Amino acid sequence: MPTLDFTHVRKDYGATPVITDFTASIDDNEFLVLLGPSGCGKSTLLRMIAGLVDTTGGSISFDGQDMAGQDPRQRNVAFVFQSYALYPHMTVRANLGFPLAMDRFRWWNQFPVVNALSVRWLVRRPEIAARIDEVATMLALGDLLDRRPKDLSGGQRQRVALARALVRDPRLFLLDEPLSNLDAQLRSSMRSEIAGLYQRVKKTFVYVTHDQVEAMTMGTRVIILNKGVIQQIGTPQEIYERPANVFVAGFIGAPPMNILPAAVLAAGASDASEALVGIRPEHLRLSTDPAAAGMRTRITSIEDLGSSWVYAFELGGTPVHATSNTKLSLFTGEEATVTFDPADALRFDAGTGLLLSPDRQTH
Amino acid sequence: MSTLATARPSTAPSVPPAGRPRITRRSFIPYLFIVPALLYLIVFTVIPLLQGVAMSFTDSKLVNPSGGRPVGLENYEYVLGNDRFINSLLTTAVYTLVTVIFAVGIGVLGALLLNRPFRGRVIVRSLVTIPWAVPTVAAALIFAWIYNQENGVLNDATGALGLGQHGWLTDPTFGLSAVLVATVWKVFPLVLLVVLASLQSIPHELKEATWLDGATPFQSFKAVTLPHIMPTIRVMALLMTIWSIRRFEIIFLLTGGGPLDSTNTLVVNVYRTAFQDQNLGRAAAIGVLGLSLSIIVTVVYFVVENRQERKDA
Amino acid sequence: MKNKIVARVAWALSITALVVFAGFPTYWMLTTALSSDTELYKTGQDILPHLERLGAFPTAFLSMPMLSWLGNSFVIATGTTLLSLLLAVAAGYALSRFRFYGKGVTGFVLFATQMLPEALLIVPLYALFANLGLLNNLGGLVLANAAFTMPVATFILKGAIDKVPFEIEESARVDGCSRMGIVSMIVFPLIVPSVAAAAIISFFDGWNEFLFANTFISDSALWPASVGLASFLGQFFTPINLVMVAALTFALPAIVFFLIAQRSIVSGLTAGSVKG
């Protein structure tokens, strides 16, 4: 739980629309990824789910209940920020205990000085201390409880942020690009930790990122956004195999899908000669056989990634990439022939960018 | 089952960058935070200001402040034609100009001198801060003693050097200069500290780049240092100007506006007209004129500044 | 090589001149305070201070109503500081975080009040205070002073609050913290150095203030030290060495605190306005 329902959600900052007509239904216990380039509005959307930012129009519901007017605490959500947002002047223990202390605050605890002292006192209470220890052990933070955030490494701070999210046992986990401040190695280990957390906790996760690798590996359902408009909703596989439009096709995959005018590829252009054809780099075949049939081109560069090779060349003036898992006897500057299976090609309307065909059935 | 949204390439205008999120709740809480401060300011500054302006159009006297009758522009006519007022304008102009030139000059020079690390730099910087820290009343007392005609150390020094002994605060030839020295002494440390902070924020790589290109220290200064601190200097010059027009205590305490009105700046004139001549209406008129002067200076400054920025861009 | 030596010497001379210019008057205060009456008025003051006479300070001190004056100064300064800071924290937070109508106007008013000459406002304020019964009253002085100190404090605190990452406040909201809790438990501890700088500036604005105190207070028992000391100007029956003892005592706290806090004060004042 919970299920999330977005109904025509809209957000404007002054006269500028940020989110336009966002409608979607998410089952409970999904790992939903909001994917999109910087500035597409995904962080804003996440904050609207949390209740940190008001919607300008439309509604967001948890388990069918409209959350309008409810502040973050009432929604019982946890939020992991991109910068972790740990309280710098408090120990890890106080950071973890803070939400629990807030739960127990009465009106008279709110006053200055009283509030700080109350937090300090509450954090030592048995029930709260026990819960802190429990969560700290879960994330291997037991030794760090008395340190301050500035004494921790990036990965450790990340785990404290996760622990703080866990401590109140919320019903919904919201994560705002939590891995973008980590270096590559740490990123992949934290990715598995978050994924493992999701498996253990069995609650709904909403995860915002611009990194499509994270989206494809972690998500059970992905919503791709561009400039505040939903481009596609689907499972990672659906999005990969059947992108809804040119934007999605070009966004997913590394290197991204090659998009070329149909005329260039001469790939059975039936009616719309203005159609665009998309073909993934791994579906392109290169051959050095001068007698082979196909499009002629000259290799402009080769990237050796160790387990695969990326060949760059041009077709009709447009840069194209092809990947191969075996080393081809090709060198930069050499001529080659490019072929592909027409069944692997996707066609898009040149004007709207929408997918035209194939109508392949998804598994 | 995938849901293909009816998406088309977006025609929505591009989203503003995330920037610093603000709380835009349409609640009254922001007002709760800001209203006390604002109200307070309005009651104690804006309203008296308006009352002062109103008073300038009456013949109100000190014995009965609120009992003035409206007299239209009479006060202004009198003041603008009055020699004393013209004199106070000139005195203010001279006072301001000299203060700004010397305070900024010494401040900048001092900052440049202190910019390189040396043993005892902290001590020197602390010593230089002292004039700023000393209360104006104390400063007035010591300067009055230094300037004292019979027993002051300045006269001891000038006498020994053969420059004669003078009434530094009592002789109209020297009164303004004496007050100016005390003023510059008091205000230059702030300029120095601010400019020094600016100097120390110059990224070292910029200077290194000029050295790599073979520039002399002077060329490096002109190319990198000077442009970096110019905005700060301009701001400090503006502040010094406005503060000079406003400055009251040090002048009044040292000379009371004399000798022979040689240090009678606008604000001192206002005070004396109000509390010695007991003419509140006229004092208010002088004050309004002085305030207008400050406003004009600020406006001119911002216009020039904008034109400069447009040229830089 | 010769150029370098010349430059070095010039630099050293300039620094010395600067130090002498800046330090001499305060030094002279000390020397004067330690001189005897004869030296002052008959034979001529010695250049070097007679530090052996420091022991006479306390008696000199007590021969004037200095304690009462300093006490009044302290009350006024403390009151000014507390009131200014309270208003400034609230206003600084609002200006930093909120979007609301009239925000630009508020900022402008805060800035513009710094341009107003007190001499112009003194008369209407006098009338206002007379009507409110706030004349001759330390509390009234605190109210008047705080109005002029609060904008600077607000400016410093706003700059400091701008630097506190907003995500930390959002996190506290998710954790269930009230707005008042956020400001006092989360934001305030993170801006303490700037609060200290603002406090020092406000305190010494109140401590040094002369004009309002002189005009509004008629009861000499309520005189702060600034007015008390000013009463020595131009009169001749109190010997100048005693006056200097008083003046030094008055100036010393200000000097000490400004020396300690100068760096954070300057950075607080220049936050954002110094380019680069």
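Letters A, B and C mark the chains in the order given here, with residues in each chain numbered from 1 onward.
What we mean here is this: contacts are C-beta pairs under 8 Å (C-beta built on N, C-alpha and C of every residue); 3 or more make two chains touch, one makes a residue touch a chain.
Just so you know, these numbers come straight off a predicted model, no measurement behind them.
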By number of C-beta contact pairs, the top two chains: B-C
Longest centre-to-centre distance from chain B, chain (CA-based): A
Mean-CA-position distance for chain C and chain B (Å): 16
Geometric centre distance via CA averages, chain C-chain A, whole Å: 53
Multi-partner residues of chain C (each touching 2 or more other chains): 170
Junction residues of chain A, two or more chains touched: 47
Residues within chain B bordering two or more other chains: 21, 24
Complex contact set, residues of chain C against chain A: 165, 167-168, 170-178, 180-181, 184-186, 188-190
Residue ranges of chain B in contact with chain C within the complex: 20-24, 29-31, 33-34, 36-38, 40-49, 51-52, 55, 65-66, 106, 109-110, 113-114, 124-146, 150-151, 153, 156, 185, 189, 193-194, 197-198, 201-202, 228, 231-232, 235, 242, 245-246, 248-249, 253, 266-268, 270-271, 274-275, 280, 283-284, 287-288, 290-291, 294-295, 298
Of all residues in chain A, those that touch chain C in their complex: 47, 50, 52, 71-73, 77-79, 81-83, 85-89, 98-99, 102-103, 105, 110-113, 115-116, 119, 164, 168
Sites on chain C touched by chain B in the complex: 11, 14-15, 18-19, 21-23, 25-26, 28-29, 32, 40-41, 44-45, 87-88, 90-91, 93-95, 97-100, 106, 109-110, 113-128, 130, 143-144, 146-148, 150-151, 154, 166, 170, 179, 204, 207-208, 210-211, 215, 225-226, 229-230, 232-233, 240, 243-244, 247-248, 250-251, 254-255, 257-259, 262, 266-267, 269-270, 273-276
